[in-house]
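All chains are identified by letter, namely A, B, C, D, E, F and G, in their written order; residue positions are counted from 1 within each chain.
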């Protein structure tokens, strides 16, 4: 595949290196404030651990639109708490990291502000207990993510990735909104907790299918599930702290969160299992295979994130208690090691000058802290005992066996994925640091504490949580699993279960993982070949879909809005004909039989009009056309006289002649009518339909009796009350004077407009006409 | 009731509509004039005008004579005629202006705001 | 003196004119309602004696409404009228003399 | 006098603007008049919360004289009209040159505002026609005034297509008079009750629907809008975007609740069909465009479809949603247009491939841009989200799942095309020569102030969504049950 | 046109017609006529004068620009609306300050009041508006070299 | 079917009816000239006569139904038709000069 | 008695007026060129209309009717010849076709435009003569197209 500049991210694109003026002192201090705030929030959330562990639930509700039952509502339970802890805890470290990472960069303020805003949105998302509240924060993460991915907006790939992330997650968000509203209306409440409380009632309802589809679309796009997984590697255009935070630890887990949250209501069905398992497993496999294809460490991690998300989704689909435990545990495991590894890669990028795996080697001595952090995180990732990753893998295998429907499928997928994680862990933690002479684009050294503190703490926590496995299980994992399942969980997490099937699987995993690591280069080459041979990636598919949408839009719009007035007019009159004939066809009522009993003078006048109308259409002489128009207008005014409408007749007469005079003046300048291109049959058909429709409706009107109350009132009050004997005039200037006021306003404005058009036209012409007199 | 007028109205509307669908803006103007007239006549017909006397109260009288024409539709038509004239006069000015600007009164050749998709594009044209 | 008789002169002018108009319409009536065309059209330039705007205008108008002749134009120097005569076979002088005798003199007496 | 003031005041201002020679006075008068209109609108709104208020012109009792009637909806609309006029005319003080002002720009703008207010306040169908014409002819003038080639092209199409609508409107009114013998809308409603299946009534309803649809820019009569809205001055575009189509939708709302029965299957079917296709075609059209204002124009079309859907569904929530949509859409869309103007001014073009670099020139403009943009996309808690939410919920509640889905799909396209505009204007590097790239100097205050006011209003609507929804719901109640309106109009005293 | 005959006739006819149009305006409340018809009549007369004497002379004769005339007309109508509102409490209400009505309904005095002001406004609007459009059209439709030619021929 | 829908009777009604028939017949004959031409001037003359005949028809109708108010329409028609004739005559005379000006515009815009 | 006489007189005037009007139309139809047609329309038309108006005034002798009748008559008398003058002048100046039997006096040269003009001649059937020798009034060599408005 050739790289073009249309917006695909170059493999080793640099980021955040723009030099700028250093931050002033106060500004610099302010950069660290979000980190402190997040840390305080983390501590505050920690205090809830015991209560939540006991199964308590906290709520916070403000009224918002009471008329529609919409509230600004929050709920803190096990699931919410663990996410809140991840958001604030990892957030604190990443804000700190970002402050260091962007120190001296004028854009530091912007990115930290955006990160902080994102953290708020993410926190709101996981704590929301109201449909609108949830969606508010859900879209909040979409928008902040858009702005963060497009942070390096000068780069075409960053703009493309930002728009891609916006569109894909935006689509999911809209689907989710649809699902939320549907479910809310079904449940009669917009409170998530109340929807969930309905439990299986939802899956038995008729709306279950659409609701499920919409929720899954929302969750899958947000959590980069196949076939929407492509946006996540693209989003790596964002600076490393952003990738670490949004695109590994938190935002991409929003979809997973949603599935976990809705599991009691939407889960437990065949379709739920199959969809989640198949999509989760596919995502997992795709992510792991393409992770090996990458040479950019960040891209590699991004693909393993896709894999991790697939794993989570697959286990949420599992439906058993063990599966829920597995999902809950892996959620924590993944967040910790993946954030640590991302931050570590950021350190490498900043201090060694590249993220290309082949350009980095033997830096363990130069960057000891970084190397240690990498090692700790990688151990957890690979599932080494006693890291929490080990726990995760064990539970995962146990969960696979527990799955009722297709344990072999699930276990097999998990096996391949875990082996791949081992391989990637080895690539990331071993390759750059050990067993080789130092090699890097620039002299490597450990970064400042703000940069290494995050990876070290996160990776260390992976060890700690593994060591205190029972506590981790009771305080963190079980409440989450309880939320997923919608019922209390009684499971005891232990580091050592003795030798069982899961342990054997773990050992086999290491073997396969090691094999993958050793054969990484040939695999990579093979994948590259497959890619080159025209295998279409989802990312390309996205482009094609987008192009397809644009092409469809252009085709449809080009056909309709084609810039040709006649086609607009044709459509407009055709619509009018359809409206008229539709109304005639779909209605009844009196249809009088016409009678024709008028004096000759009436018929003569009408005949004049008809002859003149034909003349206007047929004649090629413009003067004859104008003269015929004059004849029609005059005839109409004679008809007005015949029926006693003398005022109207006078007005009509003078207006008509003025029109004729105006036309005659304008025709002095306007060009001759070009030869008619024959008779336009289609137009004539439309015109005839319109005309005939008007006639039919008009005759129908004549079949109804006319209530003359208004006219009688005017006739009786005109002379005695309004002091005028010409009833028509009194209506015009007294009874309905407001009409006349508007009407004369029309004349004034028409005159202003016409003068403006013509004067400006004359000025415009003066610029080009050479024969113009000077001073004109 | 005057069904014959209803038929005349239909023919005027049809003829006018046909002309309004023409690419030639002058013919469009002719069509507009026709349809405006037709609509006035339609109101007139719908207003159940009867062959009769003008709606004038005789001097010293209290109300109009028996069989006087219905005054209300007359007032409406009068208003409509004048408004229609304003619109027509403006449209005429616009067509003239379009001709001065584009050198043509053929709407198919007036393609500035919505240019041909693949055609030339005038850079300076945006106002 | 002239002021006193002017109304009578104008009245006379009117009478003369209405008679001429009647004759003129009758001639046209006969010409078009009977088969065949007897017309011998001729365009002539008639020298004007009337000098004032009103005089010229009235003369020109009356020439139009009287038998067989029709004013087409006034020359830029106001010396001549261009006249289209339906029956100009007898020649220019006859046409001119007829008009001068019948109309222009009456007009000038009444208006100038 | 209160109800007539929003009509008379702009007209008087128009006259003064035209007669005064000093252009500075035009501007000040114009702006003051618009501000006064806001006050008048709010006063009407406050009075109408208790129930509709009416005034009989000339002191002639309804249905003989012309009734002006103010309910919550008209109060809201007059207020927003004032806001729209104020912001657009403030923007115009810089954008519109003196020569154009000399030709009567302010007079035309004010008379358009007068016509729009007339349309919002009148209780008489023929009078509605008259105010439509005042609005229409003023918009004609505004479109051609001081125009270049594109403007004239746009004007020709705009005028030609709108004239068809106007003629249909007039015929519809005439036929309706011939059927019911009255013109007062409340009286018409009484007289036409239960007669929707007569050819005369349904035919007239069809003509009026066609006319209002043409004004509102609904399928298949929306062509005039994308053909013309991108051609005049941005202030004019913005004013048009705020008022013209809305008057069409307003008229649909008013006439098809008060005079006709919108729950008639033919009427609602036609409206739903037109609205749905409009939503789809508008969104597709916007996705196909490469000019800022053409994107916006098609976006308007799409949103008009959504508003019309509110009427077509005609449930209380749907009607409230439609009213709320007015509230949301006018300030947001105007803000978008005016910001588009600033973007075009700074970057020197409206073509998406010829602009860029604005974020570097001043990110605050981008942030300002994001407010109406995200609101129009429908990002919560901004006003546009609520508007969409109400409509989707109303569709779902009515069992119209496909329609709700359609709104969602159209919203996705909104992400696409408005996102494209933002990325092109702010993030994409300026494609032209570097010395022409947008500078970091702030545009004049007269351009920024209206944009900030509109963004502020959008935010205020967003955060007062609850209160405003109550207002919209009250308005929907008044629309849905016209009995109080009718009895207020037809009570036997002038 | 530069026709001596037309010029002379127009000079004679137009003043008469304008006076006649005012008469039509005045009597319009009781007989066929009124602001519209009167205004149109006056506008037609002005058009005739314009055709005969040329644009420039007509504009000079009018003194006030026609658009201003029509704006003043609209102002008259608005003033009438406000007059009614102030005097009677209803916008556009008829006010007849010089008219007294006897017990039997017989009227005395002059029928002059807000309604006549309104009708006058209509008259002015129509005269001004129509003339303005006519003049502008005339100016735009006749290319510049035409006027030049007129000047060569013209000695009106 | 009556000719004019007259309200009066006696010789006058008959006279009006016969005159009405004459005028109506004349109108159709004149329409032929207006529409067929062949020259512009023919059409203008035709239109002039057409309006004259329509005026006559109006007067006849006013007489037949005994409403003198309808004479107003006849008066107005005679005025405005004169204006139309003047405008058309000018159109006739100027058209050719303008034709030259148009060539210029076409040249400027580079298309014919 | 008087009324009866007036009625009969009125009826006669009406019929005569109608007949004159009709003859004007027939003249317009029958006569071969525009100048001759103007004779018919101007004279017969004006008198026909006047007869009808006078009949009205005679039979309904109210003051307003008489005034209006006089106004219409006077107006016709003033405007009809002016109209024919303007049309005729335009027709002459733009070289409208002329019946081939029309004799043009030498003095009419002074009424031609400076460049002179060429006149197409119509045969008795109203069609332009095919091999018209042409009565070219002044030096004008350019062979213009037929000015017929086709």
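By our rule, a residue touches a chain if its C-beta (ideal position, glycine included) is under 8 Å from a C-beta of that chain, and two chains touch if they have at least 3 such contacts.
Model, not experiment: these values are computed from the prediction.
Common neighbours of chain A and chain G under the contact definition above: E, F.
Shared contact partners of chain B and chain E, listed by label, are A, D, F. Chain centres here are Cα averages; for chain A and chain F they lie 67 Å apart. For the pair chain E and chain F, the distance between C-alpha centroids works out to 25 Å. If you average the Cα atoms of chain A and of chain E, the two centres end up 61 Å apart. Residue positions of chain C touching 2 or more other chains: 60-61, 71. Counting only residues that touch two or more partner chains, chain G has 19, 24, 26, 38, 46, 48, 78-80, 82, 84-86, 89, 93, 149-150. The residues of chain B that reach two or more other chains are 20, 42, 45-48, 51, 53-54, 56, 59, 72, 76, 78-79, 82-83, 86-87, 89-90, 92-97, 99-102, 104, 107, 110-111, 113-114, listed in rising order. Those residues of chain F that touch chain G in the complex are listed here as 10-12, 14-16, 18-23, 25-27, 29-30, 32-33, 37-46, 48-49, 52-53, 55-56, 59-60, 62-63, 66, 68, 71-72, 74-75, 78-79, 82, 85-86, 88-90, 92-93, 95-96. Per the touch definition, chain C reaches chain G in the complex via residues 21-22, 24-25, 27-29, 31-33, 37, 39-45, 60-65, 67-68, 70-73, 75, 80, 82, 84, 86, 88, 92. On the side of chain D, the complex with chain E involves touching residues 1, 4, 8, 11-12, 15, 18-19, 55-59, 107, 494.
Chain E contributes residues 1, 6, 17, 31-33, 37, 41, 44, 47-48, 51-52, 142-143, 145-146, 149 to its touches with chain F in the complex.
On chain B, the positions that touch chain F within their shared complex are 51, 53-54, 56, 99-100, 102-104, 109.
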